[in-house]
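Look at the two complexes coming up: chain A is in both, with chain B in one and chain C in the other.
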Partner chain A sequence: MKKVLYGLLFCSGPLFCQGIQNGHLSGNFQSNSQLYYEDADLGITSENLPSEKFLINSFANLLYTTSNFSAGMRYEANHNVLLGFDKRYNGEGITYRYTQFNKDGLDITLGNFYEQFGSGMILRAFEERNLGYDNAFDGIRLKYSPFNGVYLKSLIGRQRLYFDKAEGIVRGFDGEISLNESFESLSDIKTQVMIGGSFVSKFQKDLDPIYILPENVASWASRFSIYHGKWIMGAEYVYKYNDPSATNNFIYKEGQALLANLGYSQKGFGFSLAAKRIDNMSFNSDRNLGGQEVSINFLPALTKQHTYALATIYPYGTIANGEMGLQADLNYKIKKGTLLGGKYGIGILANFSNAYSIHKAPINEDTAIGESGTLGYTSDFFKVGDDKYFQEYSLEISKKINRKLKLIGTYLNTHYNSNFIVGYGNYGMIKAGIWILETQYKLKPKHSIRTELQHLKTAQHEGNWAMGLVEYTVSPHYFLAIQNLYNYGNKINKTHYPNISAGYTKNTTRFALGYGKQREGIFCVGGVCRNVPKSNGFSLSITSSF
Partner chain B sequence: MNNLKYFFAFIFTFSNIFQSCDVIEGPFTEEIIVEECAEKCKKILLEDYTGHKCGNCPRAAEKAEELKEIYGDQLIPIAIHAGFFASDFGGNFTTDFTSTAGNEWDAFFGNSAAGNPNGMVNRVGYPSSDHITQHSQWAQKVDELLQSDAQIYIEIEPEFNASSNSLTIETTTEILESISAPLSLNVILTESHIIAYQTDYDADPQEIADYEHNHVMRKSLTGSWGVDLGLSDYNNGDVISNTFSLNLNENWLAENMTAVAFVSNTNTYQVIQAQETYIME
Partner chain C sequence: MKKILILILFILTNTFCVAQTKNTKLPSVNVKSINGKTVNTDTFENEDNPIVISFWATWCKPCAKELNAISEVYDDWQEETGVKVIAVSIDDSRNAAKVAPFANGKDWPFEIYIDANSDLKRALNVNAIPHTFLLNANKEIVWQHTSYLDGDEEELYEEILKL
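Let's look at the complex of A and B:
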């Protein structure tokens, strides 16, 4: 009865109702709130405390699905948004709604949708709630597979800009063919080959009285990936035609991006190598909006994503105007029963990544590099620039000592050029060494205790940090955690950042309450970043789903 | 067959996007011919919200200068230092360019909170977020606003006494076209050619010691929100006179200072007319 009722809610007539009854309704809710206090140690006074004192970000998703139909919506209520999120998210409303159905193999979406073509360097719409990032499309998307192994996608729409939409209209087409699926003669061979291509164009009217701006800016991409046994390799190249914008200082140079990767994986051993070159590849729905607002594409950072507190202090944010970099990842497990591996074996993870500027030269003697209203600069594709933006290598070793105790030790060495990476301002090249020891100990069935000891050593910026954490978990319902970050190397203000948090989980509902201080910094996911302001206060997080 | 039908329909429907590309071969700019300002022409107020530690803000200042070059007297740029990047006086950045009115405007209109640099052109668009514009949008906004005639004319007569470092400003506001709204008159002082530190992400080194700060708002003579011109309806030909006096801060250089007056709709904050004159002949 419940299912039928849900089905009827979405029915507008008997014909349309065919096939969408007996569906399934699901949903989830999340709320993050914080009560803010003054803090003399952090320099938070009544003047820079938010007037509301209490801020909250919350949303709920509802999703109705049947075999060939789905519809959903998200309601957001931010009264007002937490510090660190753009204030243009203040307010409430339905920010995402769509219907999607599949008829004769043609998949049609009307309304909002997320999408990715290839690696995303030409088009990627996604949401990262912790960053306050949401560039969902509002429009139409079609997906169709006319033949075995041939996958076509096309879309048209405008992108979300807070509670509004960007001015530009984005049109896109993507095609991909799996040769092994398409050609029967290749179906049984060990080597699997996929090739693909994309075309994306945005339209925005030229109302500028000075510049002659391209109203239609196009971009195309081609890609391939090959799987052969334990090996995988792939690459994608993107070319963007002239796209003068606030981000590139209104130059008319073309944009290019190349991402290539090679990987190998077998039981107990794997590695991957990736390299990229990005040149003038910021691609936004609105040429006047810089940074990450209404980005049509996504430029991967190609650096390791960290979760340990001190390892997240100096994250790399992609520099869309130009960078070259590479990343190497290695994982190896020393077998159990060997001299080194002992009874349980040893896990080893190693990572190296870097990013440099690209070579840039003036287009002529009279024009400065990057001058507005010109072709900007010339660049040798294979030549690295003079500036090192970022470098990091890390080694993580995990060892199970016995049935109750597991240790994970990590060392990171980071070079972070604060003069170029958005975040902290001009502290030059910050060189940091970070040591981390994590222990996991099972006290008794369902009861475990986890500790972290971390230390960051640097002579630059805010100096050295130390961190300790103790977390007690009673599975699956309770946890209690106490931690403190101490910026003891800060020459101006040696500050403690203590935190205590506790959580309760019942089925799919989770409550987490915390109190403590938050350090000021920058938070990045995949090269997309936001500033996190310092704060002191109570926080409450509630998540639930059905 | 059915597959093929859909396939071709699919390709046909979206084949038009392959033509969706404009390649500009050059020239990339066009010359703007601005008619010479008539005696009582319209003038536009451009507020550039900036900060001496804002590394991208020099691009906005350059844009303001570029537009000033094009539009001449018809554009009045002012640089308002406010927010995080203006309030950090660490290291070499010891000069305080902030002002009480500038800070209040910034807090009220939300400029620095939206990320410097940005600005407002005649404060058009408030209270929606459209009032905050990127510097790349300023030319378009100025051009649009200059398409309409002036509704008000403002005359400024400054009298500076160098020996006492005191300034008296008389303003005359003349209504050229009837307006049914309460109006506020704002008078502020700006100073140019101030040499001090500025962060510039495009410079090497990024901290520029001898950066020239121009059009810096120093003080408002009319509080943060101006003085009421006294009526709720204004008719063509109405003339209102006001006088303001103050002693200049000893660190300000009078010869580089201008008085900027602007009349705004008290309810919408939209600027209707502006005027600027040097306080010394």
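Let's look at the complex of A and C:
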């Protein structure tokens, strides 16, 4: 298979030269490296220092594109991977290569590809390079649009597992119809309606000595969205047939997921509301692998995604075995020229989210909830469980004072149940209040100074934190930042985490050099999280694209 | 090793014809409009005036800063150069439903699209956001920039004026 693919790539080269003059080669490159040091304050001794002392993650993509053909590859070299990444990423190789062509409206991809059906709760292959997450398919994908507004996709393939591939084969089909595009009589009406559906099935041999496991696991999903003027409404429901796995402790229960959204927006005002219920919905290419490895689907965490340092200490990650939650988000701009808004107006962002366990009852008197080899439990769809996993509300107010100065004040209140959320271990319900003040000041054209003052107050886990940051930037090339995180409320070890970093950007090339200490913690982007150990050292990051 | 050799050969055999072309055309990729329509990037149009494409996400602070900064001077820019700004969000399903309320809440006057599967992001080799492209009248990429520092929009405007 591989040989054929490379052969195709090779032979096709000269042909394109004759046929297509508009071919174009492009690409990108990124490397992140760190030199690690011992640190008595952090408890890093020569024994738990990585033996290589210097670690590096790097990759480069090359992409060749013409009007209806493209081919690309990614080469990765990790010698060895940075701390916090899975060691199975050590090494080098071509981890992604594909060819894609478009003929008579049929779009064909051979090789690796990323894909998402609907919201991704039934199928989503994606990469989050900075978290070491990549579950790309290797196989074949077809996309076809037989009529206006009708989009069909089908795929078959296996998913990436570090430098290898998962055992299971995934087959999928997705169809979507946009009624207003398909029917001319509807094209001009105010209400836009889209409906869609998917079918996904995986195959994995049953070699289990105890249980008779389903070798083919099917799942289906249906979705709709309606746009009416300033309103948006949508929902997706996913059903998965019994799929005993390491994550659900080998129970034979079906899985379900529901995600619903409602949104309203007009100039200067936006509001959205989302609800979800997830029940036994981990779906992996390999039933024996848990967590985020070779996930076929993606279960989004319905909580606000933070970027301020102290606000990221307690991030929520979806609990695939069962959760239900809500999120409300408000975005409002008080107009300039009003009494409250003043000369420049005021920006307001408010968010509320929560997540609870789902209701679970034993299937009969003799069987414990979630016992292996049984149907696991029964669950009332609309009943909330007893455990609160997470709750957060936040308010952010931004105000431009004058042409030079802008202030952003934020308050967050987080309840984080560490007994259930993967990350820190059993500290019970961690309740934290976080205050943040950011100032942005323009010293002169292209020269700016930015500061952050942050405080996190909690009686649990590691106690209180304080943080300060000063950043000086000169557009369009330079930045210099100094920061310190101080875990002054820690009863065992009050630790400072100072850090200094500087960077240079020219067009698409960026260098960033840092020196300092890194706290231990969970770092999340989207729904994917990575545990990063504490460290002390120099780091260098280079990215470029052409 | 053999694989790498084959790939290098492949690239070399193409280098000759690659060398003949000048600027990259905007790749043809499907994205979604904020009212759910599938839109191909081929249909991005600004009557022979320049187009700016800026990648952002609801959780990306520098992205919002950049788009806020452009939004404040957008009227002047449009009057003088006819430029159009297209803001492409790479938010996934965690935040995709928030994109329209977020952009409207900020009062951004831009065309907004969602690139949920990152198809356009990959086709344009974007590593990290914010990442901004400038397209000329032929929809060829003539300039691009990654990250945002206060005042970077002035450099972008100088590039627009060169067209």
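What we mean here is this: the second predicted complex is superposed on the first by the 526 of 546 C-alpha atoms of A that agree within 3 Å, B and C clash if a C-alpha of one lies under 4 Å from a C-alpha of the other, contacts with A are read in each partner's own complex, and residues count from 1 in each chain.
Here is the rule we use: contacts are C-beta pairs under 8 Å (C-beta built on N, C-alpha and C of every residue); 3 or more make two chains touch, one makes a residue touch a chain.
Please read these numbers as outputs of a predicted model, since none were measured by experiment.
Chemist: Please tell me which partner, chain B or chain C, touches more residues of chain A.
Modeler: Looking at chain A, the partner in contact with more of its residues is C.
Chemist: So, A:87: does it touch chain B (first), chain C (second), both, or neither?
Modeler: It touches chain B, and chain C stays clear.
Chemist: Regarding the shared-chain residue A:402, is it in contact with chain B (first), chain C (second), both, or neither?
Modeler: A:402: touches no partner chain.
Chemist: With the two complexes superposed on chain A, say which partner A:448 touches: chain B (first), chain C (second), both, or neither.
Modeler: Only chain C is touched by A:448; chain B is not.
Chemist: Looking at A:214 after the superposition, I want to know if it touches chain B, chain C, both of them or none. Which is it: first, second, both, neither?
Modeler: Only chain B is touched by A:214; chain C is not.
Chemist: Within the complex, which stretch of chain B touches chain A?
Modeler: Residues in contact with chain A: 2-4, 6-7, 10, 13-14, 17-18, 20-24, 26-30, 32, 53, 55-56, 59, 66, 70, 110, 113-115, 129, 133-137, 139-140, 143-144, 199, 201-202, 205-207.
Chemist: Across the complex, what residues on chain A touch chain B?
Modeler: The touching residues are 86-88, 104-106, 142, 144, 146-147, 152, 154, 162, 164, 171-173, 199, 201, 203, 207-218, 241-242, 244-246, 249-250, 252, 287-291, 370, 373-374, 419-420, 425-426.
Chemist: Enumerate the contact residues on chain C facing chain A in the complex.
Modeler: Residues in contact with chain A: 3-4, 6-7, 9-11, 13-18, 20-21, 24-25, 27-28, 34-38, 58-61, 92-98, 100-107, 116-119, 122-128, 131, 143-147, 149-152, 154-155.
Chemist: Show which residues of chain A lie in contact with chain C when the two form their complex.
Modeler: 2, 6, 9-10, 13-14, 16-17, 20-28, 30, 61-65, 67, 70, 73, 75, 94, 97, 114-116, 119-121, 124, 126, 129, 149, 151, 178, 180-181, 192, 194, 225, 227, 232, 234, 259, 261, 263-272, 274, 298, 300-302, 305-307, 329-333, 347, 349, 440, 442, 445-448, 450, 473-479, 505, 507-510, 526-527, 543, 545-546
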